[in-house]
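Same chain, two partners: chain A is paired with chain B first, then with chain C.
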Partner chain A sequence: MLAYILRRLVFTVFIVFGVAVVVFLMADALPTDPAVAALGVGATQDMIDAMREDLGLDEPLPVRFAAYLGRLVRGDLGRSITTDRPVMVDLVERYPNTIELALLSMLFSIAVGVPLGVASAHRARTWVDSLLRGVAISAAALPIFWVALMLQLVFYGRLGWLPAGGRLSPGLEVAAVTGFTTLDALLTGNWHALNDVGRHLLLPVISLSGLTTATIMRMTRSSMLDVMREPYVDTARSKGLRERTILYKHVLRTAATPIVTVIGLRFGHLLAGAVITESIFSWPGVGDYAVKAMLRNDYFAITAFVMTMTLFYALINLLTDVSLVWLDPTIKYD
Partner chain B sequence: MRQPIRTLFTALAVIAATLLSGAVAAPEGTLRVGVRTEADIWDPHVASDFSTIAQLRNVYEPLVDLSPELELQGVLAESWEVSDDALTYTFNLRPGVTFTDGTSFDAEAAKFSLERLIELQRSGAYLSLQNVDVIEVVDSLTLRVTLAQPFAPFLRSLWLAWMVSPTTVDEHAGEDGGRSWLEENSAGTGPYLLAERERGEKIVLEANEDYWGGWTGSHFATVELQTVPEAATQRLMLERGDLDITLLYEPAYIEGYADTEGVKVEGGPTLDQIFARIQIDGGPTADRRVRQALNYLWDGEVYAELMDGMAAPSPGPLVPELLGGEAVPNPYTYDPERGLELLAEAGYPNGEGLRLQIWTHQPDPTKKVLAEAIQAVLASSGVSAEIQTAEWSAIRKTVVDYSNTGDEALRKELMIFNIKTRYGDPRELFQFLYHSDSMHGQGNNYMNYSNPEVDRLIDEAMASASEDEALELMREAAAIVIEDAPDIFAGRMQAFVPMRDDVAGYTHRPMTAELIHFYDLHRAE
Partner chain C sequence: MLRFLRQGGIGLWIIALLAIVAIAPDVFATHAPLQISPQSRLEAPSAEHIFGTDHLGRDTYSRVVHGARISLWAGLRVVLLASLFGTLIGLVSGLYGGMMDRVLMRAVDVFLAFPYLILAMGIAALLGRSLENAIIGLALVWWAQYARLVRNKVLSLREMGYVTSARALGAGQARMMFRHILPNALTPIFVKASLDVGQAILATASLSFIGLGAAPPSPEWGAMITEARSHILDAWWLPTFPGVGIFLAVLGFNMLGDNLRDVVDPRSRS
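Let's turn to the complex of A and B:
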């Protein structure tokens, strides 16, 4: 197993490298000019030429590519045209917020989606099942931006129960330990801040979770229905085990493999899809940074964003595959 | 006898307390400002876009600024003299000013700041300061700047050239000349200093206790610039009182704000306009009659209505405020009959055979609305136009390449552009928009307009030491430009600044509506 994990990690490095090459070449092939995008509409040709020289944009492609690879190997992701700071610094600051939002949305989706999926499977083809499937379809179909705005309008605008956005209320601070606000508040025993950041996260998490909750719910239902047909389930019932025990301890455990696979896939989507939610709730994540970078053709920031996203996808997939072994010991990787 | 003495002492005490409370007045309270996008760059010599400038200007100050009426106003320079040949400017600096690090502001600091700005080549003032030949410290409070050639808008351009403490910048120079340090800290002379910066969330400015302007009267002690990208969220927060002031970019919200309790909307016309720049070099629009026809076929009221009042019909290439209040006659009103007559003369009866492409940069919605409006209005007169959208640098490359090569495949007939004066000077604007030197990507003359008479008038106005003479020359130039119609003069922009009822002191600035001087604001009693 350890050998398998190490092999996968090495493979991941190659994937990220390959993506870095492709993204560099694609960004280079685009008919956009980072210097023009950085300097804006008011720039003259002389100013643009000076900046191009500064950024080394007029060097031949092999020279630029070699410089780019050299910087990558040193962990230098370049300097952002938008923020005028090293891209690495920008990402280290922003990524934890997006990961936190995505992770909490995933936990929420699992906490809601799995029990509803179990209930739906248990009451298959009854009105309960129909109702839950209807709810799932609606949750999947409603656009995130609409859900987010409506939640904000009701719970902040009209009722005033929750904040409009941001991370913490004015005046509150959390000492940075890991970069994840909720975890840092917990680790430093700052319960007031923990409560506050929880209130700030509630609406963004619910907004972002719609499709994921629906997907997990449907996958749980479908997978459980397959397993519930197995003879050992009838055996368990005839032995007098409680239905709840049968469903959660025996059926769900066996049915979990495809659910965990879907969770792994969806987590990557949550990371990438947090942009709209971050914008509406002013959550300072990497999504907003990436959008600005793309609009400004911020060369280095875009490349670094794509590479790091690829890395996260690859690592999440690895984690998913490894956790499947724990769930189903019959799975073996060579 | 004791009673009158006691009364006298009491009266004296009250008078003393009143005087002292005025003298040691302290700013108080927090102003919460909603900004759509945070100022990404806080180095005063690198920041160049207006939304960033609007935030930084409260922390950094120039030698000279422009009043809302576009008059020159001394800030860190108390007075100045200009030589007869308009090449040498001598500034008498304000004494007793310190940067927030305690360094005195003097001629050395001013020289350092200007040289740093010129070296970095990024600031909005750079285009003007690249004319500078020599910067000389005459004495500690006298700075002399000599230009290589006369540049009349030079003084006006200095509103964008901000002073920064040389001590602090040198101390934190590092590998990038202090740029990284200035992203997290400030070293200016302004009423506020950068106290805290949480990227993507908020920027906190605190009152500079040693500000040379003092703190008598009412002022805010803290300004929180909260990043709220979504207009709907901004509106909710303003309604509920979680924001005090914001800038409006979405026309759809204007009416809603007007009806909201506890909120008022200030603002007014700006100097900004929006044009559809027309290709002069080749193609159907090379014919002046076609360009004039497009202006007669255009109905500015349509755009004003689509923008819910955020735009008004354009008065022409120069708004009256830039011409001392006197507009140049503009014959272009919505007159489709006249327009079609001109098109027929040019060989396009009823618009037949005329195919136009309207280019607009993504993802600017203001330009997109205009492109669609132009397409619809022209279509109502039988002229067909197709809208194309692309990213700015891609469009720029194509138009500059066309300008250099004349390759027909690269030609674009119409291009939507925001027209913004940087220095409140008609000469600078015309230089940038219409002078032949600004062709080939050297300015905004992307559509290759070239009229030697207009060039001559702009050059003379630039060299003229007399403001009145310069304005007269510019009126002449504007009249010729109107006749030549190198643009569809599509609309003039309006600014709207919604704020809570209890925020007082706001002054609308037509040239820089995005720039809110926080020092002027206070909570009304």
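Let's turn to the complex of A and C:
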């Protein structure tokens, strides 16, 4: 198993390098001139030329790529036009918020999707099953941004139960221990803030997790149905075990592998969905930052966003693969 | 072909309806989609304006109707571009094998490493805001899935009896590619493509919503929803109906794709 982990690690490093190449080529080949982007409107040709010299933009391609790699390794991601700060600083500030949102959404999806999937499998071919499957298929067709807007309209606009957006209500502060607002509020015993952040997180989490919940539910259902056909399930039943024990302790554990695979795959969608959700609810994460950057043609922020999100996703995939092998040591990969 | 039509099910009907609206929007629209009418701003749905009007007095229903063509055609273009390019790469990779295969598949691995829309967002953002650029951005990312799918299918088909016979009879590489292997590799491509059109429509609408795809005053559904944001509290109908449009389109293609997949590979039925 260790050999597998090592091989996977090497593969990930290679992939990350490939990603850096692609991001570099993309940024390089596209019409946006970083010098113009950095200087903004009203820059004279002289200023642009000086900036180009500064950024080394007229050097041959391999030199530029080497410089780019060098900067990446040192953590220099450039300077943001929108915030006028190093992009790295912006990202460090905002990533915990996005991770918090994505993780909570994933946990929510699992907490809701898996039991529903189990129930659906257990009552296969009954009206409960058909209803749940119908809901899942419909959920897959709804755009996240539309669901988010509708939720905002209903729960803020019409009912006034929940805030329209943001992270905390004005005036509230949470001491930054980990960077994760919910965790920090919990750790510092700031119950008022915890409640407040929870209320701000509710709609974004529900919007973001919708499709993932549906996917996890469908995958749990089909995976469990496959396993439930196995003879040992009948044996367990005839031994007199309670149905719930059978379902959760025996069937689910074996059925877990494809579910974990789906979880890993969905995380990528969650990251992309977070961009949209954060933008709608003004949740101060990386996605919100990226949308603003993209609208302002903030060259360095955009490329750093793509690079770091992909890195994060690659790490998630690595973790997923390793946990799959841990769950089912018989898996072999070439 | 007929089996394809029969097996389409409800999905096929939904798509057929949307396609008719998309091909001949003027038959269904009641007003001109870009016609501004300041005196009828933000009116609720009524007999004259079935879906109400927006902040510029434009008829929402007609805009949604015209948006069908834009959204559907955008989704189709993404899938066409991605599947054509990806299939070609996959065919070449699977048939020639060796170093070419390894290099191409490594490239595919790298492109598959990007999370869902992220690279497409980056490309679309740096290319400049337009629907065309959004489509290009998406296709540049999407091709990798087809390349891998086709390459794997080609590899498994290569070992089939009829292929080795053809080779023994002297068939060259090109002939192999187009006459023997491609027709049989097409089935999974069709299934994936029909599922993907729905996803592509969703993706282009999402990009437009963020501000990277179609721009107002274009009646593209995603762009309409983003325009509606500032007025959402006064005019619930503005984001609702374009959203229903997107929902129907995606649902239709998802159901069609699901049905096709059941026909092709009943074992994968959930």
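Criterion: the second predicted complex is superposed on the first by the 282 of 334 C-alpha atoms of A that agree within 3 Å, B and C clash if a C-alpha of one lies under 4 Å from a C-alpha of the other, contacts with A are read in each partner's own complex, and residues count from 1 in each chain.
What we mean here is this: a residue touches a chain if its C-beta (ideal position, glycine included) is under 8 Å from a C-beta of that chain, and two chains touch if they have at least 3 such contacts.
Small disclaimer: the values here were computed from a predicted structure and weren't measured.
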| item | value |
| --- | --- |
| First (chain B), second (chain C), both or neither touched by A:36 | first |
| Touching partner for A:153 - first (chain B), second (chain C), both, neither | both |
| Contacts of A:279 with chain B and chain C, given as first, second, both or neither | both |
| Partner chain in contact with A:122 - chain B first, chain C second, else both or neither | neither |
| Chain B versus chain C as contact partner of A:250, first or second or both or neither | neither |
| First, second, both or neither for A:170, with chain B first and chain C second | first |
| Chain B versus chain C as contact partner of A:200, first or second or both or neither | neither |
| Touching partner for A:84 - first (chain B), second (chain C), both, neither | first |
| First, second, both or neither for A:289, with chain B first and chain C second | first |
| Footprint overlap on chain A, comparing chain B with chain C | 30-32, 149, 152-153, 157, 279-280, 295, 297 |
| Residues of chain A defined as touching chain C within the complex | 14-16, 18-19, 21-23, 26-27, 30-32, 137-138, 140-146, 149-150, 152-153, 157, 218, 221-222, 267-269, 271-272, 275-276, 279-280, 290-291, 293-295, 297, 299, 302-303, 305-306, 309-310, 313-314, 317 |
| Residues of chain A that touch chain B when the two form their complex | 30-34, 36-37, 39-42, 44-48, 50-51, 82-85, 90, 93-94, 97, 149, 152-153, 156-157, 160, 164-167, 170, 279-282, 284-285, 288-289, 292, 295, 297 |
| Interface residues, chain C side, partner chain A - complex | 106-107, 109-111, 113-119, 121-128, 198, 202, 205-206, 209-212, 222, 225-226, 228-229, 232-233, 236, 239-240, 243, 246-248, 250-251, 254-255, 258, 270 |
| Partner chain A, residues of chain B touching it in the complex | 30, 37, 40-41, 43, 46, 48-49, 121-122, 124, 126-127, 179-180, 183, 198-202, 224, 226-230, 232-233, 236-237, 239-240, 242, 363, 391-394, 396-397, 400, 417-418, 420, 422, 440-444 |
